[in-house]
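Common to both upcoming complexes is chain A, partnered first by chain B, then by chain C.
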Partner chain A sequence: MTVKLTNQKAWFLVAPVVVLVAFNAVIPLMTVVNYSVQESFGNNIFFWEGVKWFEEVLHSERFAASLMRQIFFTSVILLIEIPFGVAIALSMPRKGPWVSVCLVLMALPLLIPWNVVGAMWNIFSLPDIGLLGKALNSLGIGYDYTQEPISAWFTVILMDVWHWTSLVVLLAFAGLSSIPEAYYHAAKIDGASPWAIVRYIELPKMKRVLIIAFLLRFMDSFMIYTEPFVLTGGGPGNATTFLSIDLVKVALGQFDLGPAGAISLIYFLIILLTCWLFYTLTMKDEAQ
Partner chain B sequence: MTRRYKWLLPAFYIVFLMLPIYWLLNMSFKTTNEILGSFTLWPKNFTLENYTTIFTDPTWYNGYIDSLTYVGINTAISVTVALPAAYAFSRYRFLGDKHLFFWLLTNRMAPPAVFALPFLQLYSEVGLFDTHIAVALAHALFNIPLAVWILEGFMSGVPKELDETAYVDGYSFWRFFIKIFIPAIIAGIGVAAFFCFMFSWVELLLAKTLTSVEAKPIAAVMTRTASTSGYELGLLAAAGSLTIIPGAFVIYFVRNYIAKGFALGRV
Partner chain C sequence: MDLSWMAWTWPTAGFFIFILLALMTMMVWERLSPGGNPRNGILGLNTTRGDRLFITLLGSAFIHLAWLGIFSTPLWGGLAISILYGVAVFRWV
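Let's look at the complex of A and B:
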């Protein structure tokens, strides 16, 4: 790492970014803060409410339920996608023409618009005319994601694994391809077992990109909206109503601006704090 | 797992990835009668009717043009403003630089659902509602931080001696930046543009909230069709299949940079 010069004029270089992002981030965020402490009766008439909405949201069973669903969903997909993605990256070819083929095919789900992903899985899992639904039903498993909460959960999780495991694969693969050939030679001379190579060379070298993969997957799965909305609409009942779906219902559906503002802020804070905690803890570990 | 059977896992994974895509394509070539009447693994009465409808109906094909327009504007804006900023972060220390960098990244963590309503009000207030530029600017919220992050990683990989030699040779900052520095990190620009394209192309919540008629994204046109005209699954499948094409093109062009970009760019 080269030493950086101290130069306050560098602010001119970052100014355009700061202006654009501030316009997009600060004004809307202040609007949300405004809503969260006021009561509105339409026509832009507002009354000061203090922390009433925050208390209401924190005590509401509805918010607790969708938060629990969100935490459960995020934990399950992280537990599946990270090990699965690493395993695939480890067994992928390292060089040759197949690398490009694998990368291009695997990256494909990442570039499909999210509602198309939802629609695609909707068609794919329909119990009567979808490949997955038909196959499961003909195996004698009673599967119908529009009626059965368990089926709905199974489909939403499988869809997310389908959609995002490739991101973990790409990141892990990038980490692996940065390992110098010499490391493998040294391991060979020492007579290391294949598992020892994975455990002591490949996993430590992938640590950095895996932290990034974990963070990205955590944030994005915690914000998930479009795919489950298109697939199940949050149903059956409220079975797959995650935080974002619930929030959009409150904000744009019922136009309850106060509670929506309070939910928004609590929601954003949870993501920020988790990312910050995870990042500080893993980096501290690295420094030791 | 022994070495010989190692390829099985990626192979199965790719088959798993392709199945839903195949099913979508399969549906798009079927007639509505065949879709609803029977279960067939491939189209029995192969038809291009669904695609013809999309290419002849302006409400459909305009959706594609609108989507590509705002995605293009967004990618151009994000990469252009991120370039000098990333250079500043990678080369200089200045007051509040670390905090600024972290603040930029927190915007990547903001759920779009949180910002949907305030964005609607903000852009209506400034008279940009239902324009391509509104969606492009809204998507810049999460794409600019990402582009700065990726580009900063690439730029830190370029030795500082390059800058110093150029200044000694009498280059001005901007001349050096455009003539020498940008060509040196062109791969990084490709990767950053790829990610901006990707996240803007796939996002729907903000794009849908900020548009009504003039700049409606294709994804939103699909939602409307699905809900108003009942069960036109074939048409929906055809529209969905077409949205995969731009992404596939982009991946093909950057395929050699993706892995490298991830590694260098610390995404």
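Let's look at the complex of A and C:
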């Protein structure tokens, strides 16, 4: 009898996760693939259409416009949230009772459900009765997010920064807390300037958590739905109709399951490619 | 079990069977001739065989979409480019 050197029984412990993922990810995704090549007439009646919907989506101006809005939104919030979050984390106290106070304050926005955030900012920004809207208007700034695209964009971006910068702060702070004191002592002995400490000790040590923060914020903002839907409903006109809002309009508003399936898959491929590219390029140096 | 809500068709089933077969081929390949450890390819990326399969599949999806967007149907040209691309990825990346 041969003695096996490795024990493979541990794979059974992973089985529940495999079943769970199959039910909440693999089967729905397979269904989307099936829908994307067919025309549906309700009551589970489907007709084969081949790649017609994909072709339609690729040439659709509506899809291109909502994709552009989505890319612009994600770029803007990443450009604001990542540096802003790092700056806040760097200026937070590292020791003493204030650490907990700061952390709790930072975590508060993250605890609020998405639709509540949308509703809060909706009322907060109303031009006639909302605190923000009324204040801006009384300063002489023509602000009305229900009518003007620029106001709507300003509100949506401000809302996202308010809601999600905390996540970057918490992750960056966790990265900072893991830096041993010895690094700071060494920097002090060498007479390093505060900027040099940030540049050569703190930022490199935060690199991994910042990659995670970037990926989380990229994915979340690229898939954002609830907050802008509650705040502006994609308006005024189509000014803040992001890809996800447009997708729901196609899938549930018009009940076009075929085109919605095609949009979903292209959407999914874009997210997959971006995450893979970003992860691979940032981890390239680490692996060598 | 009623699966009519999933609206299965033979071409989509074939697509998933192909992915499953590809994964199983990878397992058999590794069993027969181990060598799936990371290596440094021409792009300077550390990739295992599994990574290369992922790059091939993801790239093929975009090649097919690009073919569809530029030349429309039939997609045989896109398929041919994808196969060449896949061979190149497994050989050099």
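Simple rule for what comes next: the second predicted complex is superposed on the first by the 280 of 288 C-alpha atoms of A that agree within 3 Å, B and C clash if a C-alpha of one lies under 4 Å from a C-alpha of the other, contacts with A are read in each partner's own complex, and residues count from 1 in each chain.
As a working rule, a contact is a pair of C-beta atoms (placed from the backbone, for glycine too) under 8 Å apart; a residue touches a chain by one contact, two chains touch by 3 or more.
The model shown is predicted, which means the values in this text are computed figures rather than measured ones.
Enquirer: Name the contact category of A:Leu231: first (chain B only), second (chain C only), both, or neither.
Expert: A:Leu231 contacts neither chain B nor chain C.
Enquirer: Does chain B (first) or chain C (second) touch A:Thr31, or do both, or does neither?
Expert: In the superposition, A:Thr31 touches chain B and chain C alike.
Enquirer: Check whether A:Val156 is in contact with chain B, with chain C, with both or with neither, and answer first, second, both or neither.
Expert: In the superposed model, A:Val156 contacts neither chain B nor chain C.
Enquirer: Using the superposition on chain A described above, determine whether A:Lys284 touches chain B (first), chain C (second), both, or neither.
Expert: In the superposed model, A:Lys284 contacts chain C only, not chain B.
Enquirer: Is A:Leu272 in contact with chain B, with chain C, with both, or with neither (first, second, both, neither)?
Expert: both
Enquirer: Given the touch rule stated above, what does A:His59 touch, chain B (first), chain C (second), both, or neither?
Expert: In the superposition, A:His59 contacts chain C only.
Enquirer: Looking at the overlay, does A:Ser264 come into contact with chain B only (first), chain C only (second), both, or neither?
Expert: In the superposition, A:Ser264 contacts chain B only.
Enquirer: Should A:Gln8 be classified as contacting the first partner (chain B), the second (chain C), both, or neither?
Expert: First partner only.
Enquirer: Using the superposition on chain A described above, determine whether A:Leu111 touches chain B (first), chain C (second), both, or neither.
Expert: first
Enquirer: Do chain B and chain C land on any of the same chain A residues, and which?
Expert: The overlap between the chain B and chain C interfaces on chain A comprises residues 27, 31, 272.
Enquirer: Taking the complex as given, what residues does chain A use to touch chain C?
Expert: Of all residues in chain A, those touching chain C are 27, 30-31, 33-35, 37-38, 40, 44, 46, 48, 50-51, 54-55, 58-59, 266, 269, 272-273, 276, 280, 284, 287-288.
Enquirer: Would you tell me which residues of chain B are touching chain A in their complex?
Expert: Against chain A, the touching part of chain B is residues 1, 3, 6-10, 13-14, 16-21, 23-24, 27, 35-36, 39, 41, 77, 81-82, 84-85, 87-89, 91-95, 97, 100, 104, 106-119, 121-122, 137-138, 140-141, 144-145, 148, 156, 159-160, 198, 201-205, 209, 218-220, 222-223, 226, 233, 236-237, 240, 243-244, 246-248, 250-252, 255-256, 258-263, 266-267.
Enquirer: Which part of chain C faces chain A closely enough to touch in the complex?
Expert: Touching chain A: residues 4-9, 11-12, 15-16, 38, 40, 44-46, 54, 58, 61-62, 65, 68-69, 72-73, 75 of chain C.
Enquirer: Name, in rising order, each residue of chain A that touches chain B in their complex.
Expert: Residue list for chain A touching chain B: 1-2, 4-11, 13-14, 16-18, 20-21, 23-25, 27-29, 31-32, 87-88, 91-93, 99-100, 102-116, 119-121, 123-124, 128-132, 134, 162, 165-166, 169-171, 173-175, 177-178, 194, 208-209, 212, 216, 219, 222-223, 225-226, 230, 243-245, 247-248, 251-252, 257, 260, 264, 267-268, 271-272, 275.
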